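You will see subunit A twice below: alongside subunit B first, and alongside subunit C after that.
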Partner chain A sequence: MSGDRDAPAAAPAHVQVHAQGPAGVTLAREGALALLAAAAAILVAWAVPWLKFVLTLALAKGIAVLGILLLLRAGQVSFGHAMFLATGAYTVAFVAPRIEEVLLLLPLAMLLATLLGLAVGLFVVRYRDIFFGMLNLALSMVLYSLLEKLYDYTKGTDGIRVAALRFAGTVPGRETQEWLMFGLALLLAIGFGLLVRAYLGSPMGRALAGIKTRETRLEFMGISARRVLLFAYVLSALMGGAAGALVAMTSRHVTPQLAYWTSSGELVFIAILGGAGSALGPFLGAAGFELVRVYAAAAVAEAWQLILGSVLLLVILFAPGGIWGMLSGRLRGRGA
Partner chain B sequence: MADWLADNTLLLGLALLDGLAYAALVFMVAVGLNLVFGVLRIVNVAHGSLFAIGAYSAASLGLAFASAGLPPWAGYAALVLAAALVGAVLGPLVERLVLRRIYGQEEVLQLLVTFALFMILEDVQKLIWGVQPVSQDLPMKLLGTVDVPFGDDVIPFTIYQLFVLPGVALATLIGLAWFLRRTLTGRVIVAVTTDKEAAMAMGIDAARVTLLTFTFGAALAALGGALASPTTSLVPGIGAQTIVLSFAVVATAGLGQIEGAALTSLLIGLGRSVAVYFAPEFEVVVPYIIMVAVLLVRPQGLFGVLETRRV
Partner chain C sequence: MNDAITRRDALLGAAATAGSLLLAGGNARAQARPTELRIGITTFLSGAASVFGVPARQAAELLFEEINKAGGIAGLPVRAYFVDEAPGTDHLVGEYRRLVQNEGVYVVFASISSGSCLACTPLSDEMRKTTLLWDCGTQRIFEEGKHPYAFRTQGYGTPEVLAPLLYLLKHKPDFRTLAVINQDYAWGRDSWELWKAAMDALKPGVRVVAEMFPRFGAPDYSTEVTRLLAARPDVILSTSWGGDLVTLVRQASERRLFERSTFVLPVAEASMQVLGRTMPAGHVIGARGDHWNNHPQPKDPARLAKFVDAYRAKYNEYPIYPCHHMAQAISALQAGLGRAIQAKGGGWPNDLELANAFRGLTFDTPTSSITLREDGQGLEDQIVGLSSFNDRFPFAVPRDMIMFPAAMVSTPVGQKSVDWLKTLKPEMLAQVPAPIAG
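And now, the complex of A and B:
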């Protein structure tokens, strides 16, 4: 949305979750920044091999957070979106013994997450605010407990190991496999980023902001708020599924923890950390989040949550635009 | 059906007794959450951490009392004292330093601020009490058990769980209803809940009311934890579990309902413990199934009031 210079003058601050939205950052600049970020990610992955794993997970989570971003546009927080990520991940874990092909598993995971998103979405889009958040939370907890308790199928809290996968028919070596997953995650991230950008600029995407400001007015114009929200919800579920598939293929191990409510909280956390003003925000946030987590866990194993929580508090209290807000503020400062 | 009942009387009886004790604890947490939401308009995700810290503090204090050679009944004083301490220390600290900065801001941010608090408190709790289970069940053992007749059988059940827990919950319910409706401070809290601006225009110090309410809510959560501590061994993660359950209660009951929260706690507590005995796989799912079923039929919750839509 940030690149639309022809945006009507009345669409303004409330469109962004944070008032200091990057309204002045053009498409060209955002694109350049995205390319720069992608190049930086590749460079880091090449220079520090073990960070490749961290970055792949960050890209995957960023994709899921893109979905959260859509709902945030409508002013709704889902405290249960990890259920779609877990659906994607468990789809891969369940099906991998029969179909080893990454390029088949990925769309299958997305399909199942989308179907679940449609079923859940039809129910939850009737609710707003706290009820919306809590219902998502409740349903994700149902999935969590099923994954935990149906031991015969899911191996409970032990989780399932994902066997080695094929990539377009070939079985790559470990190093190549890591690069392929990283590349796939990067490619999907860029694809979904562009999709979300186009969607948010479309009438359907713009109507989301209407749900946030004054839903009744939207309906006076003959637009079904539920349908608008449902579309966004299903799209976000699809992206959650893709993210989950990537997580399962990268970490090669899935546990019910993926669906626990704290995992959903992390996704919302990343959305705010990165800044909800741009499709780039989730990826900046996810990279920041995963890096802080890795280094905090290495430095003080017992207190990494404490450090992450403090970072979150500081961001909300002192940098409400997130990483993207700070970056775009600087970009505009240079005379946009 | 009759045969089944005859075969399972004992289990059903146990489920009822367990459910009652469990519902009492859930109510203590949910009612605090509800009260805080009413005044602050913030759903406090860290409310469960206060429950956990209350529980751990009570266990530690109880053990300290015991090793200091105090008489066994001092264990009960330890429960109440720990809850009061946690409320009095953490309540003002959290409200003054953090929550006060985000009143009136977007819901997303408020939720996340309390989520950040949850993450922080969760680790603080692990740093203080470690990850090994902590238990101090003296207050429960001290009272012994009573034989509850069920059909032809009797169930020995602890007096603590049968009388003390529901008793405290009932006293809290009645006391709170009386406090909010009959005392000046209580009515001021209700006034701020109903219409903060109007209340402030009448000269009510809303900042003070907020501080008071949050501290009180925190103390209730801590008391819930303290009361729970003798019945179970404490492990990391109880805070996270408690909060989602009390969310379910509050959403099912409808926001701002005290008596409603009590009935819903009972419903969900009983539902859960019946599941524990008859379908243990679904123990964790039952509260949410109840919640989803209720919200399908009554979107504002069982006792909630529909708000008019703004144009």
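And now, the complex of A and C:
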């Protein structure tokens, strides 16, 4: 991850395109592409009812991966990000019997995940690279163990059923509820996507790339690298919490599996699959991941892992920029 | 129908894919008589629990092949869609939707894992899809809520723990100390809670000298075995299963723990073939039901022999309990669908009519018959015995078997298992039937 520490000019092309912030054409194209993707998602959700559920989960996971993308900008990989997702999900599961309102549960889940992110962040942002990744992994496994072992409260690995939910005071039918969750996920995805875009374009966001290339220079400029990273970390925890709340409200059942290291690995996988070049990448990656998984599982139920793994290998070998890298490369090719 | 989907389609969610799926999913809700009977089956095809999931799938394939040769169910050829439970519940509930909305399955057979069942059952209410819970054991399903479309075609945790306890109280009534070593996940904890509640009611004053919950999939039990050797409990309970149980029995028998303490292993049956002669004789073993290979008085001996022989011929091993549970779900479907068609005077039943036919249904299994109670729970007899060896099998089978009628060891409708177990009286032991030599 930090091989190019002393050679910022050698950064991969797809990162540079965005990091340099070329105005106009690319921006408009990215916006158009995002709109197109959203329209396609709505069309698919309308045409194929069962995919609506899969896409809602994909959008939720995309939001969590958006948080990972922020840290990737700083050259840091968190192998424990699922802990924030699980925090959001379990918040919903625990509170739903008392407060059924989705519009209250969602901010609450985000708030708790943010607080956890702040507490954990104060500690982990002192570390870089493998130490950062492993500490996150360790802490997420602590959360996993707690969720699994505090059996009387969490019901262990069998998990908790999320009670019936209310949307702005009403209890819709199943079909409407699925649409509401899908719409909510889409809205949040767009909102967070724009937020991340603005953030990455701001001085704070630019400083993240500084951490990746050469941290010392950042400190010489009078910017605290730790503070920059902490801000990004807390923001990513917030998005993890929102994603977790969406996952819990959509699948309506939470298990400690959500905090297990494989779930964190899944998020990093999605980040790689989607590409770190744009705020659109995580959503492309998440949709790709979920669709490959469901189709692989439908086609060969016993070998879906093999197919998923092969796809990741192919992406790493032939398209290191991920899906976004492929798309943007093609778009630029056409524009030239 | 997914053969033609390329990577690009999948990645981009291309409109072409959506279109083809739209056409495929169009008649999912139609209640006209279909041309084939589609069944969605969720089972473990990967991970630790595939030791149950794969044999069950094999049993299903074997039986469906036979059924299709004989003209299908209700005259329709059967087509099964298998789904892997291993990726977790959020994936599984998506797959459940796919099975119902896209593949248009008529019935879903849900889940080995209790967590999967807990996630799928409420979905069966919402989607109004008859769901047979074919293997999961948690008592929470029907005790925490009503599920009009869900039916469990086998026993569950409470009878599967209570029967071995009653057997122990008959076989070794004077034990004074007990240790437990269960896997550290929901079933390990649940089963211990059930056992403890029943034991405290039926034989108060037993001292629990060790409660150990080694992690799921632990490769080494030397610490636990050492502790058990030092604690010298009269009885050691373990509801572990699969590879974990095999590892535990091997390591404990190497260090002669079986010579000091009596083991009670309620889920032993599925591991006996793997253990072979390593399994020590004279310990209490259960099978999550009555389907032992040496069942002393099966209801239909020819059917049991045919099933076991066909399975052995095809897969070169004896069927284990998940195979029987799968066979039970298939028998229940045959009986339930037949009953629904009869009730409709030969017409094709819709989802509600099908579900109603299962309530109170009695269907035959090779070894016995099972009745589905009004809450959806199946009443399956339990046979527990002492591990022993004979000339017929190269692995341990029970002797001195006691057959516990399901109604005796199951929580009555509307009560919670732990509360009910606490009300048991030691006089209950007088009702336990006499052992059968076997």
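Quick note on the criterion: the second predicted complex is superposed on the first by the 310 of 336 C-alpha atoms of A that agree within 3 Å, B and C clash if a C-alpha of one lies under 4 Å from a C-alpha of the other, contacts with A are read in each partner's own complex, and residues count from 1 in each chain.
In the analysis below, a residue touches a chain if its C-beta (ideal position, glycine included) is under 8 Å from a C-beta of that chain, and two chains touch if they have at least 3 such contacts.
What you see is a predicted model; the values in this text were computed from it and never measured.
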{"item": "First (subunit B), second (subunit C), both or neither touched by A:R161", "value": "second"}
{"item": "Touched partner set for A:G265, first subunit B, second subunit C, both or neither", "value": "first"}
{"item": "Partner chain(s) touched by A:Q257 [first = subunit B, second = subunit C, both, neither]", "value": "second"}
{"item": "Partner chain(s) touched by A:K149 [first = subunit B, second = subunit C, both, neither]", "value": "both"}
{"item": "Partner chain in contact with A:G133 - subunit B first, subunit C second, else both or neither", "value": "first"}
{"item": "Which superposed partner A:V196 touches (first subunit B, second subunit C, both, neither)", "value": "neither"}
{"item": "Which of subunit B and subunit C A:F53 touches, first, second, both or neither", "value": "second"}
{"item": "Which superposed partner A:A298 touches (first subunit B, second subunit C, both, neither)", "value": "second"}
{"item": "Shared subunit A surface residues [contacts with subunit B and with subunit C]", "value": "148-149, 302, 304-305"}
{"item": "Complex contacts: residues of subunit C adjacent to subunit A", "value": "2-3, 5, 7, 10-13, 15, 18-19, 21-22, 25, 45-46, 82-84, 87-91, 93-95, 97-98, 100-102, 114-115, 118-119, 122-123, 126-127, 138, 140, 184-186, 189-190"}
{"item": "Parts of subunit A lying in touch with subunit C, wherever the complex brings them together", "value": "40-41, 43-44, 47-51, 53-55, 57, 148-149, 151, 155-159, 161, 174, 247, 250-253, 255, 257-258, 263, 284, 287-288, 290-295, 297-299, 301-302, 304-305, 311, 323"}
{"item": "Residue ranges of subunit B touching subunit A (in the complex, touch as defined)", "value": "43, 45, 98, 101-102, 106-109, 111-113, 115-120, 122-124, 126-127, 240, 244, 247-248, 250-251, 255, 280-285, 288-289, 291-292, 295-296, 299, 309-311"}
{"item": "Residue ranges of subunit A touching subunit B (in the complex, touch as defined)", "value": "17, 72, 75, 77, 79, 123, 126-127, 129-131, 133-135, 137-139, 141-142, 144-146, 148-150, 214-217, 220, 260-262, 265, 268-269, 272, 302-306, 308-310, 312-313, 316-317, 320"}
